[in-house]
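Two complexes come next, and they have one chain in common, subunit A, joined by subunit B in the first and subunit C in the second.
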Partner chain A sequence: MSLLGTLARLEAVRSGRAEPLATVRHRHLSDRPLVLVPLAAAAEDGAPLAVLLGTDRSAPRLHIVPQPLNRGQRYAFLAAFADDLLPYLESCAAEVERIEGSEKDPQTGEKIPTFRELSADAPQLIVPNPGAAQHLALLGRATRFRRTAEDPDPGRYPAPTQVPLLGRWLTHLTDRAKVPGSSLLLPMTGLLARHWATGQSQLEDQHLGAQLAWHEPPSGLSGAEAARLVESGRDERGQLLHPPAGPTTDPRFDEKLLAPAIGRYDAALAALRHAQDEDGPESPRAQSAQASAERAVEQLRALLTEVLLPTWHDVWRGLDLLRTLPPAAHLPERWESDRWSFTGHRERVAAGEPPQPRRDDAVTAARKLAQREREQVRTDVQEALDDPLAMAERRLAGEAFSGEVTELVPDWDTSGRTPKPRPLLTVRTADHPHADLGREVHRAGGPAVQKAVITAVDPEQGLITVRVASGMGRKKEPEPGSLPAVGERVTFTLFELTARQSAPLPEPDDTPWTHGGPPSATQDSPTTAEEWE
Partner chain B sequence: MNVTRTEQIVHAADPARRLAALRGGAEQRGLDARALAALAANPGCRRRALLDAAGVDKTALADRLGQPAPFGRSPFAIARGNIFEARLKADGCAALLDPLRSRLGLPAEDDAPLRVPDLLPRSTPAARAERTARALAEAVAEPAAWTLLDHPMLRLTVAGSPAYLEPDAVVMRGGRCTVVEIKSFPVLDGVADPAKVGAAARQAAVYVLALQEAAEHRAGARAGGGPYEARELPGSPETSVLLVCPKDFGNRPTAELIDIRRELATTRRQLARMTRIEELLDALPPGTSFDLLPDAGGQPTRPVVELTAAVEAVPAAYSPECLSSCELGFHCRSQARCEGAVEQLGRGVRGELGSIRTVGEALAAASGGAPLGDEAAARLGYAAALRAEALGVPATAMAGAVAG
Partner chain C sequence: MTSTVSPLQPSPGVSLGTDPGAAADAAVAAILDATVRPAARAPRGVVVDSPPGAGKSTLVVRAAQELVGAGERLMIVAQTNSQVDDLVDRLALKAPGLSIGRLHGSDARPAPEALRHPNVTASTKPADLLELDVVVSTAAKWQWVKDVDPWRHAIVDEAYQMRSDALLAVARLFERALFVGDPGQLDPFTVVGTEQWAGLSYDPSSSAVVTLLAHNPAIVPHRLPVSWRLPASAAPLISTAFYPYTPFRSGTGPGERLLVAGTRPDGSAVDAAIDEAAEHGWALLELPARLTVRTDPQAVAAVAATVRRLLDRGLTAHSEQGSTPLSPGRIAVGTAHRDQAAAVRAALTALGVPVDSTAGPAVTVDTANRLQGREYDVTVVLHPLSGRPDATAFHLETGRLCVLASRHRHACIVVARAGIAGLLDEHPSTEPVQLGVTVKFPDGWEANHAVLAQLAEHRVRL
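== the complex of A and B ==
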């Protein structure tokens, strides 16, 4: 946590309410996000129990696995989940933009124009917390290699066809979520924590309900008291008043309510099988057993709805809060990267590429790492430009300074054939940047990209003088408006404001085998079918 | 107070008796490996060290203080752990043989079979510990044979009283033994959850310590030194343990040797501190008691005020991590909040704020009321000015809010 973050938390302790950490919203929010609250079964790692999802806050849809250890039911669940999620993903690709680019002809070296289609929109999944995202990644890993009845060798337990497709999408979305600044899949706890500080620790903020309690504590309660109630308030049955956001359920819920309900379902199913065997499937006894099995499922659905709904509403409340902030200026640019990511994956699936391997080969891993580092820098820079509070972080760190222009002295570089403007600009600032003489600085928020070099520093007076070196047009006199006037406030950063292109990595096919070149991709897909036992 | 007389007698007695007196009439909470391992997670906390050494039931204590611990294990998770272990141990540990062969070098041929002695699983802990000690001695005497001790009972002396510990299994061959930990979290594509592996390693470290103690006991000597000296004794444990987990999404086992030397060192330090428990005892005000002895209705008889005072008499080292590792987490958190301790916001905050210890001091420094020359306070003041500027509120307004 940064010192400014700590300060905001301290203020939240004093006020008893969440305090702002941003003046703008730093993540794109879709007009039609899909909220998804998954629950995992404690009986097995990565085994699903239920999911509540939808784009309409008043109409969530529930899918459950009545007996979490039953493989057949698990597939039925995954198929229903896929039928719900995949159409949403598809709907985001309804409209496309044609993007013009150019490519070098490998033979002639000439530039030839190319066209690519970019989806005009992209899906956005909002989950309660990072645990939910991790659970979806596990589901993706468990399903993307499933063989279906359409496979040449379907195996003993072919999955419905949409199940591996669901797995590939879940893998893609959860993988993309690791890219800083991306917005295809976002955990609500992280979104809220980026924009507001609570008066508790980051660990406690992992509980979505408790974090939200700091935003709207019931009257008469402080945020801490309200959060405490959410964490541990129980009803007369000993059940939490506010169930945790998952993906695991409260052990006491498992013990007192869920396990008995699953037990009743198992018993009803056994009775049904018994009646069918003894009296025949059409017999009155079988029919009444069928009815009680259905009732047992209904009870389970009601029970799981009860623990899922509070989190469902929490996520939507979080979205309401985030929408009160104006969007940051650079969001469309970053969302375009998300749209490319979505478009690219759709194309790969359509082209019949195999599912993502279990482990990335060395080249892919290096590419992903480089991409994440690049995106981290880009997001940090953009957030600083979009939000004075983010820029304050950089100023506190000595990476930028802001202040009033006290003097502007015209000067020229006359070494060339025509003189070029190189005026001297003096700024009065209370900041203490790591401002060595000769260091290059960049003007933030100016009309154009503008570089300057530090020529004098007077820490006593708080004065920094820079020689402006660019962004003033091509003439002898600087373009009007290209330089700040005396008395105007300016900000210079010691970091570059446009992300640098990193050295390109070789294509996988050109990589020597010592560095994980071909043909590893196929090796890392399981050849023998692993089964959920 | 009418207990003063007995106290004075107790005061002079050995630590074990003094600890027992602190616990009073309530039943002793045996220290298991999980509890001992959790101690290592917050080594700075005297409160926890003392309560654990005295065998006070912290869950009951937290209940009584009105801040019940939020812990529990889902019956599903328990069942899953049991099923996985039962599968491994079925048919004379048939499924365990593969990992033992690949990781420990158990010969594949059948002429060197694995011996699995009966360890009297249904007896009392003391009897089981006796039986385990004998089985260990027998195994040491026959270095050529492979012996698997299924759920042995080990004894470790903690703060003068014995703690009974039950590892999942111990394998003995060639005069050395290896702890086997069976966990039901999966190793997925060769990777397991590092937090879970860490917890397993800390737990295994406690078993290794107990096995070292057993080896020293057999040798009739206290080696007392570092792990390297203890290794020389016959039958002493390896400092790597075998972690057996389900592979991917199935029930087939996969095993990995994990080096636990670091965990071993931490736990050893922690336990050494507990044997210096006298210092903690001496610091207690006379009359302190955590006695939770229940009345006929099952309610502890000691008044809550007295219990609270007793708990408060022992210094704690709260950080938010406590909430997931100690039964008293909620209690210590409210206390930290009442005192305005900055640790309530996280362990790292303390380092950021230098000599500032409370939320009030920090906010005062932020509004410019810092003593001159304090670097952390000056930085906080500067941060507050930047924050006010960015949020478009006058810095003085924020300062006023602090004063108000």
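== the complex of A and C ==
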């Protein structure tokens, strides 16, 4: 954690309320995000129990697995979940932009114009916490290879057709969420923690309700007291007043309420089968057993709605809070990358490509790592440029300095045929950058990309002199306005303001001997039998 | 968190009777043989594990000479520009007959030491250098080289520092390779999460050698058995604490390296620590226990005062290489974080100690990452856990402590707040266990305790 972050946490402890860490919003928020709160069944990793989702805060839709151990019901749930989610994803691709580019003809070397379609919008899933995202990744892993009745070899247990499609999308969205600065799938706790510091630990911030308690503590309570109440307050039945945001549930809820309700459902189902066998399916006894089984499902739905709704409202409250911040300047640029990611995956699905392999091959893993490292640099730089508080963190870390220009001395590099402007700029600053002589610095917020080299440092006076080396036009005199005037405030960074290009990697088929050679085609074939029943 | 190897008991397999020179020569001969004259069905890679100061650089130079002598051209991959410049300089000095190419990026001019030799050609374009005997560059630059015929031979220096994805990008450039590195140093790292690839043999964030060995099980790593850098006081500790299964010994015996002060101690704790280190090779200058910010002003001042006194007391280093006065260029200060290094540099400047090497001989002040592969007579180390409230994975990393504690030829003075042992006991490593990932042994927790136990015997309280 940065020094500024620690300071903000200390201030939050003292004030009893969350303190701002940002002056702008650093993540894109869709006009129509889909909020999704999943619950997992205890004991079995990745077994779904319920999901509450929707784009309208007043109309959440609930899907449940009445008996979480029943695989048939699990896939009925996943099919219903897919029917609910996939139309939303598809709706985001309703409008497209035509992006003009150019490609070199491999034979003639001439440039040929090309057109690509880019979806004008992209889906955005907001989940309560990273655990929920992890749960969705597991669901994606469990479903994307399922065979359906449409497969040439459907196997003994074909899944509903939309289930593997759901798995591919969940895999894509959760994979994309690992790219720094991306916004297709975002956990609310992470969003809030990026923009505000609470007076509790990062671990405690994983509880969305407790984290929000620092934002709007009830009158008379401090954030810490409100958070403690959210974490541990229980009603007369011994149930948490504010259930955890999932995907796991409170063990006492499981024991006292959920298990008995599932037991009643199982019993009702057994009675129904018994009555159907003995008296026939149309008999009055079977009909009344049918009604009580349906009642048991209704009870389960009511129970799960009760534990999901507080988190549902929390996520929307979090969105309200985030919308109070103005969007950062670079968000459209990063959102465009998200739109490309969405468009690309949609095209791969439409083209009939197989689902994402179980494991990345060596080249794909290296490519993804390179992309994530590049995006991390890009996000860090853009956040610093967009937000003085983010830049303050870099300044405190000695990676940048801000101050007033005290002197501008014109000078020229006369080594070439025509003299080039190389003026000396002196800045008075209270910052303490790791300013070694000869180090290259970059001007932030200038009219053009501008590099300079540190030529003198006077830590006593807080003076740093740099020789500006670029961004002044091609003439002998610097372009008007390209240099800051005396008295103007400038910021220079010691880090580059663009992410470096990643080096090229071989094609997967050219994987070298050091990495085991090309991956064999059969090894990760998606049709390798995987039985889930 | 216990191990079967007791930290300070001499490792099995180190026979102190044999002549270290002969043992090292035998190891080098076997490596050169496997590299220059590989058997018919031998694997395409040769891996050499080298403990600190075991003559890795000398080996690289000799292997290059022998390969060129056998009529081959070769490429050399190092990890940083300064490593490349060092290597070019050394190669050009030792083998004036070789034609050497220094391939560099457009924004990274090679150091003057590398370019002062008539047999070195520098260029940003590989095409300019293809005909030369040896072409040296960083892994980052090699990755961009295209449209060339692969070299028959390559040497990869500091291979344990190289990331698997970098090897993936450069492996197309050579047919066979000699990988040389120190497995005990810092692992390569990344700032983004890589859990999803943990356990895969080609995890792109793991070390190049780990990937290579996983895919080429026929490769049996060679070992260099003798550290020529570390004195007899340090080799046993470093060997048992950081290389428990691949022990090594020092090339010199007890008493062969001497550090003698020209002036008497002034009675201060700093001088007492210097005398302790001069006599025993280790000293712990301990400040009272206290939780501090990273750039603990008192600890930084103690480090700076120690360096100042080291220079003022006119120390002379006597060794098998002769007697030399301890000059600023032979002293290094090691820290865990860059801001700590910056704070020490500022404190040293205030005491009039030169720290800028561009303006003449200067004390090197840097982080563990940047001190890798470097050698000094005396090092002063700001302990990574000094004054901390917690022991994170970063601060517990085995390689970090190993680098800091193994840069010296004579003595190492560690400056730390009291209470590190207690801190370690309160923070056992809690990193999740990943399936398929080889457990690194020893872990940093264990190694830290081993080093602390040794230092405790040489404690001087400030």
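Just so it is clear, the second predicted complex is superposed on the first by the 515 of 533 C-alpha atoms of A that agree within 3 Å, B and C clash if a C-alpha of one lies under 4 Å from a C-alpha of the other, contacts with A are read in each partner's own complex, and residues count from 1 in each chain.
In this section, a contact is a pair of C-beta atoms (placed from the backbone, for glycine too) under 8 Å apart; a residue touches a chain by one contact, two chains touch by 3 or more.
In this text, all values refer to a predicted model and were calculated from it rather than measured experimentally.
For subunit A, the partner that touches more of its residues is B, with subunit B and subunit C as the two candidates. Once the two complexes are laid over each other on the shared chain, residue contacts for A:430 go to subunit B alone; subunit C is not touched.
When both complexes are overlaid on chain A, the residue A:392 reaches subunit B alone and has no touch with subunit C.
Legend: residue contacts after superposition of the two complexes on their common chain; A:142 is shown touching subunit B, with no touch to subunit C. Once chain A of one complex is fitted onto chain A of the other, the partner contacts of A:203 are limited to subunit B, with no touch recorded for subunit C.
Legend: residue contacts after superposition of the two complexes on their common chain; A:180 is shown touching subunit C, with no touch to subunit B. Judged by the touch definition given at the top, the superposed model places A:360 against subunit C, while subunit B stays out of reach.
When both complexes are overlaid on chain A, the residue A:259 reaches subunit B alone and has no touch with subunit C. With both structures placed on the common chain, the touch criterion links A:376 to subunit C but leaves subunit B unconnected. Contacts of A:14 after superposition on the shared chain: subunit B is touched, whereas subunit C is not. Put simply, subunit A uses residues 359 to touch subunit B in one complex and subunit C in the other. Within the complex formed with subunit A, the subunit B residues making contact are 68, 70-77, 79-80, 184-186, 188-190, 246, 248-251, 320-321, 323-324, 330, 337, 340, 342, 344-346, 348-349, 352-353, 359, 362-363, 366, 379-380, 382-387, 389-391, 401-402. On the subunit A side of its complex with subunit B, the touching residues are 1, 3-4, 6-11, 13-14, 20, 23, 41-46, 68, 138, 141-142, 199-204, 224, 228, 231-232, 248-252, 254-255, 258-259, 358-359, 387-389, 391-392, 395-396, 430, 530-533. On the subunit A side of its complex with subunit C, the touching residues are 178, 180, 359-363, 365-366, 368-370, 372-373, 376, 397-398, 434, 436-438, 459, 503-506, 510-517.
Listed in rising order, the residues of subunit C touching subunit A in the complex are 44-45, 140, 143-144, 146, 164-165, 167-169, 171-172, 190-194, 196-197, 200-205, 208, 211-212, 214-216, 338-339, 342, 346, 356, 358.
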